[in-house]
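Common to both upcoming complexes is chain A, partnered first by chain B, then by chain C.
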Partner chain A sequence: MSRVGTAGERHAALTRGRAPGTLTRRESRVAWVMLLPVLIVVLGAVGYPLLRTLYLSFTDARLMAFTQAPPWVGLSNYAQALQSPAFQAATGRTALFVVASVGLEVLLGVLAALLLNQRFYGRALARALLIVPLALPTVVNAIMWRWIYNPEYGALNALLTQWHLLPEYRSWLGDPGSAMTMLIVADVWKNFPLVAIVALSALQLMDRALYEAADIDGAGAWTRFWRITWPGILPVLSVAIVLRTIEAVKVFDLVFVMTRGGPADSTKTLSLLVFEQGFGFLRSGVGAAYAYLVVAISAVLIALYLTLLRRQAAP
Partner chain B sequence: MSHPRPAARRFLPLSAALALALSGVQTAAAQTTLSALFMKQAAYSEADVRAMTAAFQKANPGIVVNLEFVPYEGLREKTVAAQASGGYDVVLFDVIWPAEYAKNGFLQDVTGRVNKADVPKIFPGAWTTVQLGNRYYGLPWILDTKYLFYNTAMLKKAGIGAPPRTMEELLAQARIIKQKGLARYPIVSSWSQAEALVADYTMYVSAFGGQFLDAAGQPAFNTGGGLRALEFMVQTVKEGLTNPNSREYLEEDVRRVFSGGQAAFALNWTYMYALTQDKKESKVVGQVGIVPAPGARGGAKVSAVNGSMGLGITAGSKNPDAAWKYISYLTSRPVQEQYAKLSLPIWKASYSSPAVTRGQEAVVKAAGASIGAMYPRPVVPQYQEVSTILQKALQRALLGQVSPEAALDDAARQVAALK
Partner chain C sequence: MRFPPHAPARRRLEGVAVHLLALLLALVILTPVVWLLISSVSSTADLTSLPLRWWPGTPDLSRYAALLSVAPGSPGAAFLLALRNSLLVALGATGLSLLVAIPAAYSFSRLPGRRAGLLYAVLATYMLPPVALVLPLYAVLARAGLLNSVYGLALVYCTILAPFATWLLKTNFDAVPLEIEESAQIDGLSRWGVLGRVTLPLALPGLSTAAVWAVLLAWDEFFYALLFTSTTSAKTLPVAIADFAAGRAVDYGLICAAGVVAALPPILIGFLLQRGLLSGLSAGAVKG
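What follows is the complex of A and B.
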């Protein structure tokens, strides 16, 4: 009777003589052949539009079915964008939105995860409820919050006046001083569960022995969190942070549904500007350049995040 | 037709698309399918358009029309984005777009198709919706302007005999209503950062005798009547006469506030009248007056904005003949008279037809004075940019961030710099 090895042993046997995870040349060829259909689809559906947009960003293309090549303008669309006060202002607004919403989502998400990692009655239900905001389509979420903020009969006004925190009903989305904050609240409500779920999954994988050892050493709750929990969940959390940052930089539907960039441009973020140039003013070339600048900003932010997080995670 | 079982429901879109594709292949020879794009709000309701279309299909068995309805805010983008792919045959367009559509070749020139005998029978304001120079790019369908709606019960309680005929009277009456506590904010408007705000501003510009562009095509709205218009709007906000929430409202919000009995005056399109008389939609049934929007001392007698809309055939349409048949049907006098409750006909003769006037005598009477006064927004190919600049400038002044003069001067500089 032959001995049935564990999965690990079998894997070790298969990859003997090679670094784990590397394929033989033959296996590698098979892998490429298997991947080919997907690669073609990805290159066609993602690669072509990306390159086409890049090309358009160097031209003076207009949004119409053009029959001849649009005039080449080199970097002038990019130069115009970087010098435009509207672009600079929108970059500032977007930065505020990203920092505030991602920051709050991480804070609330980690707190919720810590809570849901405790044993208490109804924990399963609470965990299930966490999915609800995440499951809502962004547009539905935006419409729902617009009702909540309604100046005549919105729930927020009712709540705050009944608690005597607000003397009378007011306009939240029509006031440049509060509109952006209200958008951030709507975004945080919808997206903190993503951070919470990711953090919770990381918490559940933590080694209990570390905490027991810390207890014996007399570490308090605060020390335990910063020395054990936070470094433990950070690698996983970083994925959620990067994802949320990308999403937040390109925020569009939430703003479009709730304020369309108003009042007086106070919520006009970069994506709205791209939309305005491309579809509003029919300037595909300028719109493409704006879009690529948004991508560049995201790329820089993500690279920065990943470097920072890696440095922190490395002991 | 039986309802699909729940389990089968998720496959419905796929199977429907498949069926559509197959039916298209099988019946291409016998049947023409048109796609038409309409809007969801104001003027004719979705139900009205569906009913008109059903009647058209019955009368023209070879033609099937697929309808799509989007909010006004998405109408232009949908049309523009679909034009390269030829997505629609017939599109509804606003009076402010033909210059841009024509310049960029989005719509077919239908000058040769227009029946010249109909030209004098339709209001000139309606024709301007589809005309650029001496070329026609469609047929007018919705003839609309903003009217002054007032709550007759509130005016009576305030001891006011007649609705205002000038902006000065409007101000005086609103002050009385506010003083007597009949309405916290007597006036409600759609002053969100959107086209609706520019439409309202245009109406005030026409009242105070201003103009957008001078004879040389240079911005002139920052002087004279254009400036007074914005100063007036800002004054009503500062005095608490216009509801401050107006700065986040669109037309439907105005309708809800007015229909809830919270405002004495509202500026809105024709469609609001019928809905204020509907018990399901309104608390002020039987208490609504409608008159032409006020003029101003030393300015116009009445004010109005050209808010008309037309139907055109897209440049990419493969069935222009069927499309023309369809838009000719929708804009025809009998059809317009049958559905005159939410949108008044483009035909002059309709205004003496009992089918149109019955039950809405006040609307038709107001229209008689307003239609001739409809003031156009600037007719330029870069209208979208002009409007975007104006929206922001108007909002900044309405929010008290800058003075009306500074806001409009800044906007005029930006408009003058447009290429």
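What follows is the complex of A and C.
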């Protein structure tokens, strides 16, 4: 394109003392043209639906009657949502799921990373195994655990009774008292390797000299972990933790395939509730208000995530 | 491993403990998957025997045969169509997303101006809960006649894959040495020329990592696929498998076999591309 001018002039143009970050007008134009396709996708396929959902949340829209303008109801959907015991219960369940799943994933992930950072035979293979749960599609993970928990023929029942740890077969997912726990186990199994991989990569970057100094000072393993290892991996780990939290708040596939929110709504998380309002009961307006409350929760987490990422990028 | 002369017993004990714990970790990871695999080749009689038989009397491969049968109305026909749909959607969405993400990532990496905020805004869109977008997307797809279509689904997946690929590629382009690009520019290449002939070839490993991650994300997606597809002509594998599992007459072995087939490509890809994929993960922006 820019074949005008001699090589020397072009070189001068390229290296002219500009402050970093400022572009010539031509470069700025190229920059925007290059951004255009992604901006069209983001504005059109994310921005528009996001605004449209916001609008719907102030109306009494029904899914089957999308063509007429729906009647405006102001904030009543939000008032209804916030006062609804179903919404409050779903928020509580989602919070429980998020805290328990992410908490256990961090615990197991860090422990696995510490283990995989030791020397032992077959270490490379053990590290590679972390890929298996991660790569397993979420729906396959859900049917796999559903089959393991099966009340009549499940492997969990068979194992526990054959080892005499359980007197008789139980309906793990059919019992409101245990269903959520079983979902959390399935989620933790699939996702703790992510935390392990991120923690392991941080461990491998740790400065050995710190540990040698701690050894000379006679610090025990516990002190070494809390004074050196944990602060060292925390910056990288926190990004993974927030990312997992964002994902856990959205949980849908796992619950939908394993329990559909049952039994007795004991596993009905926010996404399930929104899905049911919007598509099951075809009440789009209320569903949209629910969805926006989920967006509000997610937005806080996403902002936290981006702040952490920026802080990582800064130094 | 060399044990120092002092406290050799303690060191050896630690070594044993580490090996035992590693074995435990491997068991925790492998047991559920191995059970899925065993179940897929056990006869229904074996699977429903009490007490449970952990190892099939004779391996029963009939489920895999059934999944490959094309007789109309059979589970195999639905499964093969879903496999095709999943491939089409994943590859189509990935191709389209890379097409828009490559120039954007280059722009963010090399011509940043003061657009860091915009980059983070793009990244944020990929993390939004899909429940916030699904109703309007449904209406738009319905109006465009793209409901229950692999093309419609591929377009919708771009909302996830394009921002994600932009971010991943931007970190990859950042790693390409600036000097090489500058000399190419001095030789008269335009920005597009630099991108196509210099940066992209140099960032090829990163590009393939981003492509593989995008395919895996699309392969795994369930929520949009569940809502936007209704017949076998467009249903993807996750939806078809969920259908199998929700059916009335449940053949546990068949569900497990379908699960194994759906899980095999991503797990194989994961093993083959381990290093690249994991460094992508550690870059900190990848969904689990």
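The definition used in the following text is that the second predicted complex is superposed on the first by the 268 of 315 C-alpha atoms of A that agree within 3 Å, B and C clash if a C-alpha of one lies under 4 Å from a C-alpha of the other, contacts with A are read in each partner's own complex, and residues count from 1 in each chain.
Just so it is clear, contacts are C-beta pairs under 8 Å (C-beta built on N, C-alpha and C of every residue); 3 or more make two chains touch, one makes a residue touch a chain.
These numbers were taken from a predicted model, which means no experiment stands behind them.
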First, second, both or neither for A:G262, with chain B first and chain C second: first
First, second, both or neither for A:G280, with chain B first and chain C second: first
Touching partner for A:P176 - first (chain B), second (chain C), both, neither: first
Partner chain(s) touched by A:Q162 [first = chain B, second = chain C, both, neither]: second
Dominant contact partner of chain A by residue count, chain C or chain B: C
Partner chain(s) touched by A:R62 [first = chain B, second = chain C, both, neither]: first
First (chain B), second (chain C), both or neither touched by A:E152: both
Contacts on chain A seen with chain B and repeated with chain C across the two complexes: 63, 152, 279
Complex contact set, residues of chain B against chain A: 73, 77, 80-81, 83-84, 100, 104-106, 192-194, 244-249, 256-257, 260, 262, 315-316, 382, 384-385, 388, 391-392, 395-396, 399, 401
Of all residues in chain C, those that touch chain A in their complex: 1, 15, 18-19, 21-22, 25-26, 28-30, 32-33, 35-36, 39, 47-48, 50-52, 54, 99-101, 103-104, 106-108, 111-116, 118, 120-125, 127-140, 142, 155-156, 158-159, 162-163, 166, 182, 185-188, 190-193, 195, 216, 219-220, 222-223, 226-227, 237-238, 241-242, 244-245, 252, 255-256, 259, 262-263, 266-267, 269-271, 274, 277-279, 281-282, 284-285, 287-288
Interfacial residue positions of chain A with respect to chain B in the complex: 62-65, 151-152, 171, 173-176, 259-265, 276, 279-282
Chain C partner contacts - residues on chain A that touch it in the complex: 1-3, 7, 10-11, 14, 21-23, 27-28, 30-35, 37-42, 45-50, 52-53, 56, 63, 66, 112, 115-116, 118-123, 125-126, 128-140, 142-148, 150, 152-153, 155, 158, 161-162, 189-191, 193-194, 197-198, 201, 236, 239-240, 243-244, 246-247, 249-250, 252-253, 256-257, 270-271, 274-275, 278-279, 284, 287-288, 290-292, 294-295, 298, 302, 305-306, 309-310, 312
